[in-house]
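Below, chain A partners chain B and then partners chain C, in two separate complexes.
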Partner chain A sequence: MSVIRSAWLIARKDLIVEARSRELAYTTLFFSMACVLVFAFAFVVEGRPLDDAAAGILWVAVAFAGTLALSRGFERERQSETLRALLLAPTERAAVYLGKLIGLVVLMIGVEIVLVPVIGLLFGAPVGRAPLLLAALLVTGTLGFAIVGTVFAAMLVRAHSRDVLLPVLLYPITVPVIIAGVRGTAAIFGPEPNFEAATAWLSILVFFDAVFGILALWTFAPVMSE
Partner chain B sequence: MRVANRLVPVLLVIAALMYARAPFMVDAAPIESTMGLVQKIFYFHVPSAMMTFLAAFVCGIGSAVYLWRRSKTADAVAVAGAELAVVFGLIVMVTGPLWARKAWGVWWPWGDVRLTMTLVMWMVFVAYLLLRRFGGPGSEILASAVGVFGTALVPFVYVSVNYWRTIHPSTDVVSTLPPEMAWPFRWAIVAFLALFTALLTARIRLETNRVALEEAYVALED
Partner chain C sequence: MRDPVRCDFDVVDTRDVSRHFGRRRALARTSLTFRAGEITGLFGPNGAGKSTLLGVLSTLMRPTAGTVHYGGATAQDLGDPLRRRIGVLGHDLFLYGDLSARENLEFFGKLYGLDRLPERIAGALTSSRLADRANDRVSGFSRGLRQRLALERALLHDPRLVLLDEPFTGLDDESAALLIARLRGLKDSGAIVLMATHDFESADGLVDRMICLRQGRVREVTPGGATLRDHYRRTMAEAWA
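Showing the complex of A and B:
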C-alpha cells in the first residue's frame, strides 16, 4: 500500500470517528468563539475594535483552538493504546504522520470556515475583500501550525505533563506562522489594503510549510520509535 | 576525556584573566559619538548574543546526531548547548533593554529584530529544558526533535521579525568599527568564547557522568 493511500485511510478513520461523535468539532468551535469573546473585551475600545485587532484575534483563536484539537485528538489515540496499534501497522511512519496531519487540518479548516464570517460580523473586518488570498493565508498558516503541532502532540503522548508541555513547545516554534498570518491578514483587512505585503507573507508561510513539512516527515520515525 | 578534564581549568583561568582586563579596555575605548556612554554595553551584549546563537547551533547539531544515531555523547552536547543558550540568552536580554532604554527610550524595542528573535529562540530552549525536566522517561528523544526544529527555526524568525519592522543597528557595524573599538570588542569575544568552551566541556562531562551513573544504578537493580 502506498504511503499516500495509508495516510488517506488513517485520515478517513479520524474523520469518521469525528463525524460520529462531533466532539472535537463542537468543542473546538465553541472554544474559538470563547477566545473571540474574551479578546473582544480587551481590544474593543469605546465600541470600536483597535487597528488590526480582527486579524490578531482570528489567529489567536486559530492557534488556541488548534492546540485544543491536537491534545484532544491524540488523547483519543492514547486511551486504548491505539497509537501503538497505528505505529505497529505495516506501513511507513510517515503515512501515520500524514494521516493525522490531514485529519487535523480538515477539522481546523472546518472551524475557520465558521470563525472567519463571525470575525467579519463582530469586528466589521472586510473578510470578502480578497477571499482567495485570505483563504490561502489561512490554509498555509493552519498547515504550518499543524505540521509542527502533529509531531509534538504525537511525541508527547507518552510524556508526563503533556497538556502543559504541548503549548509550551508549540507556541515559540510557530511564532513565524503567527507573525506571517496576523500581518498578512492585517494587510488585507487594513483601511488601505496592501495585497503585495499579504502575498509576501503568504510566500513566507509556503516556505515554512515546505521546510518544516520535510523536517517533520524526517523526524517523525526516529521520534516515535522506542 | 582526560584532555577535556585539563582543558576546563585552563580555559577558566584564561577567561577570568581576560574578563578582569576587559573593563579597562572598554573604558579606554573612545565614546561613540551618537549613542554616548551606553554604547559600551555593546562589548558584552554582542559577544553574549554570539554565544547564544553558537550554543543554539551546538544544541541543534547535538540533537540531530542524537535523533538519528542515538549517540549518548551527542545528547550530552545538546543539553549543554541548550543550557548555555538559555544562560547567554538571559545576558543578552538583560543588557539589550539597558541599552535600548537609553538609545531608543523604551525598555523593550519590539521592532528590534535581534532582541525579539533572541526572546523567541530563548523560549524554544527554555521549552527544551522544561521538556527534559518534566517530560518523564524518554524525553531526551522528544527534546532532540525540539532542538532540531528550534535550530531550523532561526532563519524563519529572523526573516519574519525583520519584515515586521527593524530598528537594530545594522550587522556591518563590526567590520566598520575603528581599531580602538574593535580591539576591546575582539578581546571580549575571545573571553566569552573561553568561558563558553569551558562551561560547555564541563557540562558535557557532567551529563555523561550522570547518564553513566544512572545506567550503573539500573544495572545494579537488575
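Showing the complex of A and C:
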C-alpha cells in the first residue's frame, strides 16, 4: 500500500473521530477565541488597535490552539495504545506521520476560518484586502508549525510531562514560522500594505516547510522506535 | 517494497536477546525458538518481561542486544511487509472508541491492504458474536466485548505470528471457551502463537510449551503430568530460589 493512501486512511480516520467527538474543534476554538478576546481588551483603546497587534494576536492564537490540538490529538492515540497499532501496520512510518499531520492541519485551518473574521471584527483588520495571500501565509505557517509539532507530539506521547515539554520544545523551533507569519500578515494589514514583503515572508515559510518536512519524514521512524 | 509472500516464515528465534530500560533489565540474553503449529504460554509475575518479549517479537521494540530471526531473516532484512505477517493483541486493545466495531475492522483492514475485506469483516463479526453490535461505537462496549473485537482485529489479516497479551482478560466462560477453540484453530492452520497470561486454568491443556520468566530470565518447562500452576510454582521455587 502506498504511503499516500495509508496517510489518507489515517487522516480520514482522525477526521471521522473528530467529527463525532468534536472535542478538539470545540476546545481549540474556545481557547483561541478567549485568547483573541483577552488581547482585544488589552490592545484596542478607544476603538483603535495598536499597530500590527492584529497580526501578532492572530498568530499567537494559532500557535496556542495548535499546541492544544497536538497534545490532545496524540493523547487520543495513547488512550488505547492505538499509536502502537498504527506502527504495527505494514506501511512505512512516514505514512503514520503524514496521516497525523494532515488531520491536524485540516483541523487548524478550520479553526482559522472562524478566527480570521473575528480578528477582522475586533481589531478592524482588513482581512479581505489580499485574501489569497493571507490564506497562503496561514496555510504555509500552519503547515510549518504542524510539521515540527507532529514529530514532537509523537515523540512525547509516552512522556509523563508531555504537556509541559511540548511547548518548551516546539516554540523555540517554530519561532521562524511565527515571525514570518506575523510580519507577512502585518505587511498585508498595515495602513500602507506591502504585498512584496508579504510574498517574501511567504517564501520563507515555504522554505521552512520544505526543509523541516524532509527532516521530519527522515526522523519520524527512528523517533518512534521504542 | 518487498513481496509480502517472501516475508512468510515458519520459525521465529531470538538469539541472545536483551532489552534494558535505562538501568532496568527487562530481558536478559534470551534465546528461544518458536515453531509453526505451536502454542507457547509465557508465564511470570508482573514485570517479569513477558510484554517486553512480545514487544520485541512484534518489532515494536528494538532489542538492546541480540537479534530476532523470522525464518532466518531479521526484521531489518524483511522491512515493513514483515508486519503483515504479525498479529498483536495488546493488553491495551488498539481500538478506537469513537468508531464502530465494523469501522475499526475496516480501518485496520484497509491499512493492511487486505483483499476480500467485506467477507473478512463479516467473518470476524460472526466469530466474535458482535454482528448485531457491528454499527455500535466501541466506547459503549464492555471490556469483554472489546476484547473479542480486539482479537478479531489482530487476526483479520491471517498473521503467521500471533502475539497475545492477556487474551482472557474480561472474557466470560463462554467467550473464553470460544477463544480457546479459536487458538486451537490457529495452531492447526500453522500459526506460531505466543500467549502471555496469568490465567493458568484457561491455558491448561491449550499450550504446547510453557516458558516461565522472572526478572528477564527464562526457564522452559514441558507441560504435562501436573497442572500449569503446579509447574509454574515449582519452577519459580526451584529455578529462582
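General remarks:
Quick note on the criterion: the second predicted complex is superposed on the first by the 224 of 226 C-alpha atoms of A that agree within 3 Å, B and C clash if a C-alpha of one lies under 4 Å from a C-alpha of the other, contacts with A are read in each partner's own complex, and residues count from 1 in each chain.
To be clear about the criterion, a residue touches a chain if its C-beta (ideal position, glycine included) is under 8 Å from a C-beta of that chain, and two chains touch if they have at least 3 such contacts.
Owing to the predicted nature of the structure, the values given are computational and were not obtained by experimental measurement.
By the touch criterion defined above, A:L156 lies against chain B but remains apart from chain C after alignment on the C-alpha atoms of chain A. With both structures placed on the common chain, the touch criterion links A:L9 to chain C but leaves chain B unconnected. In the superposition on chain A, contact of A:V223 is made with chain B only, not with chain C. When the two structures are aligned on the shared chain, A:E81 is found in touch with chain C, with no touch to chain B. Once chain A of one complex is fitted onto chain A of the other, the partner contacts of A:V17 are limited to chain C, with no touch recorded for chain B.
Greater residue coverage of chain A by touch, when chain B is weighed against chain C, goes to B. By the touch criterion defined above, A:V211 lies against chain B but remains apart from chain C after alignment on the C-alpha atoms of chain A. Look at A:V106: by the touch rule set out above, it reaches neither chain B nor chain C. In the superposition on chain A, A:T91 makes contact with chain C only, not with chain B. On chain A, the surface patch touched by chain B in one complex and by chain C in the other comprises residues 226. Partner chain A is touched in their complex by these residues of chain C: 4, 55, 58-62, 80-84, 86, 88, 90, 92-99, 103, 107-108, 110-113, 137, 153. For chain A in complex with chain C, the residues that touch the partner chain are 1, 6, 9-10, 13, 16-17, 20-21, 79-82, 84-92, 225-226.
The part of chain A that touches chain B in the complex is made up of residues 148, 151-152, 155-156, 158-161, 165, 168-169, 171-173, 175-176, 179-180, 183, 200-201, 204, 207-208, 211-212, 215, 219, 222-223, 226.
If you check the complex, the residues on chain B that touch chain A are 67-68, 120-121, 123-124, 127, 130-131, 134-136, 138-139, 141-142, 144-146, 148-150, 152-153, 156-157, 159-161, 163-164.
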